[in-house]
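Here is the structure we will look at, set down as structure tokens.
Order of writing sets the chain letters: A, B, C, D, E and F. Residues in each chain are counted from 1.
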Amino acid sequence: MKFGILVNEGPYQHQASDTAYLFCKAVLAQGHEIFRVFFYHDGVNNASRLTEPPQDDRNIVARWSKLAEEHGVDLVVCVAAALRRGIKDENLAPGFRISGLGQLVEAGIQADRLVTFGD
Amino acid sequence: MKFGILVNEGPYQHQASDTAYLFCKAVLAQGHEIFRVFFYHDGVNNASRLTEPPQDDRNIVARWSKLAEEHGVDLVVCVAAALRRGIKDENLAPGFRISGLGQLVEAGIQADRLVTFGD
Amino acid sequence: MSEEPGIKKFMFVNRKAPYGTVYALEALEVVLITAAFDQDVSLAFLDDGVFQLRKGQQTKGIETKNFSPTYRALEGYDIEKLYVEKEALAARGLTEDDLLVDVTVLDRKALGVLMDEQDVILSF
Amino acid sequence: MSEEPGIKKFMFVNRKAPYGTVYALEALEVVLITAAFDQDVSLAFLDDGVFQLRKGQQTKGIETKNFSPTYRALEGYDIEKLYVEKEALAARGLTEDDLLVDVTVLDRKALGVLMDEQDVILSF
Amino acid sequence: MLHIVNKSPFSSQALDSCVQVAPGGDLLLIEDGVYAASSGTVADNFMRDIMKRFRVFALGPDLEARGLADRLIDGITPVDYAGFVDLVARNKTCQSWL
Amino acid sequence: MLHIVNKSPFSSQALDSCVQVAPGGDLLLIEDGVYAASSGTVADNFMRDIMKRFRVFALGPDLEARGLADRLIDGITPVDYAGFVDLVARNKTCQSWL
């Protein structure tokens, strides 16, 4: 089954991004497919390559990048939301790409399920 | 009278940053002094020089920078919160500086009033 | 699935007041794009979401863009299914006359049934 | 103002549950710094904030740092004024025995009076 | 002391908690908190009770943004940002019920 | 259909709204939503009423993080992330009550 994922909150401030990540890992472990993870609202802040969490805490951004690298998951950041919040190619973490809201709608159309994580 | 201001949410997602800014302008217009504006939690995202809001919307980051330039307001971003969220010197907007949480405590001690804006 | 092949029923569930947070504004942006994909789009306004449709919003004082006229423009994008929760209006002292646009007022149970019929639900 | 010159009464008001949001964790970071400035520090746990002090937090499954042991370390920083809302505990089915640390349980009215005596209140 | 509430009374417990803890004083409604200042809602009587113990203010620009300026409960005082500053200055401390 | 609630029942109306709108189905409590799955609280009876119409699940890792694993209301099923995925797969649609 194909899953689409929508992440609406930034890293650390809310648990939404953590839950979405752990959900994605379980989707893959169950043998399902992730059509796309779409980052909207403050969710775009998950894509900042400049984050440096304390050593004893999880690295949320690096985790997403690794998911893209190891499983080819498509991580898409909404361009309009990203511009409002200062996420651009110059501070974009590996594995993410910036694109339009149409990519979210497409995920809704193409995926069998769309799950929203937010506040 | 000396005011300290604490901003706990990022730009656009919540109104906290807007209210804090309009409050600061009124503080100055009333002839009071702003000892410091401290940005904590997602509030540190107010300091990203990479934000580009739509033309017909307010530019929250630029407004803060202008407040610092025109009135010498001390805009301090918490270093620990900023590292977690990817705000560093390389994407820091003019007028902001990155420093420790002690600067918030100092604002509490030195200012006559401390007002928190958050979610 | 909707009756036409390739068309899905998208419902946008709005439960938050405008301006306090950005969700209402950014939800509208998704709605407009979804219509451009020729999907079957409906909007549901529940709880504080009904405040999004309130007439007379004047945002000059908070120096923020007033996006409420966009709800009036939805018709031009063939988005005509706007459902509003009856109990939410009543609790907030509002009637249909207080709203910017023509809507269908439904009670909670009817909204719940409608939700069950969707293919995709996006919540903001 | 506190009785000693140059020392202010700081109260940290915690009203949010841990892990769902970061406020509890980042509030603790401010508390520790404030103690280093030799201020008169107290912590108040109201509403869902009382959940921060719950025993038995095991965060391995959510892959997030368990910061609850830090509450036990507060004593080492001479932070000993921990006030917990009586009504909040009761509503959540908790007693003092469910908490990680020794606290003073106060009813809402007493907490309100204590708040009025502060010089600086920080809310998270 | 000044209490500041910025959440809708229909979706959050913030106003409830504030008035149950605080003995009285000044109460300022801002942002989505101003919905509590609107007459004719299910929170109307609750608000009128609160006004027996608190002097209640609402931020005018937030009322206007939400189309509520003409529905203010009698006895609640609208203030602009300058009035907000005055309220903070007049009270020794303030507490934001986030 | 699957309903997902991630807010504490003590501070937010999300769970209330969910169960008043939805006729029934599967209900999954995650993040701060799991506090509703704890026995002995003022929401206990409310939750037991909900369970007459909904099959109720709670995310185990969130229960454990909050020290609630041993207080689960009888009849609420704890699930791990794999179980969360199964719930989404089993239901045609899901709605997050944010």
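Worth a mention:
FYI, a contact is a pair of C-beta atoms (placed from the backbone, for glycine too) under 8 Å apart; a residue touches a chain by one contact, two chains touch by 3 or more.
Owing to the predicted nature of the structure, the values given are computational and were not obtained by experimental measurement.
The chain with its CA mean position farthest from that of subunit B is F. Because subunit A and subunit B share one sequence, their contact can be compared position by position; here over half of the interface residue numbers appear on both sides.
For subunit D, the chain whose average C-alpha position is most distant is C. The mean-CA centres of subunit A and subunit F are about 24 angstrom from one another, to the nearest whole unit. Separating the centre of subunit A from that of subunit B, both taken as means of CA atoms, is a distance of 27 Å.
Averaging Cα coordinates per chain places subunit C and subunit D 40 Å apart.
For subunit E, residues touching at least two other chains, in rising order: 6, 10-11, 13, 31-32, 61, 80, 93-94, 96, 98. Residue positions of subunit B with contacts to 2 or more other chains are 8, 12-13, 15, 19, 22, 41, 54, 57, 80, 114, 116, 118-119.
Within subunit C, residues 15, 19-22, 47, 62, 64, 120-121, 123-124 each touch two or more of the remaining chains.
By the contact rule set out at the top, the touching chain pairs are A-B, A-C, A-D, A-F, B-C, B-D, B-E, C-E, C-F, D-E, D-F, E-F. Of all residues in subunit A, those touching subunit F in their complex are 1, 3, 8, 15-16, 19, 22-23, 25-27, 29-30, 32, 113-119.
The touching residues of subunit C, counted against subunit F in their complex, run 13, 15, 46-47, 85, 87, 108-109, 111-113, 115-116, 118-121, 123-124.
Interface residues of subunit A, counted against subunit B in their complex, comprise 10-13, 41-42, 45, 48-54, 57, 61, 80, 83-88, 90-91.
Contact residues of subunit D toward subunit B in the complex are 6, 8, 10, 22-23, 26, 29-30, 33-34, 36-37, 39, 120-124.
For subunit F in complex with subunit E, the touching residues are 10-13.
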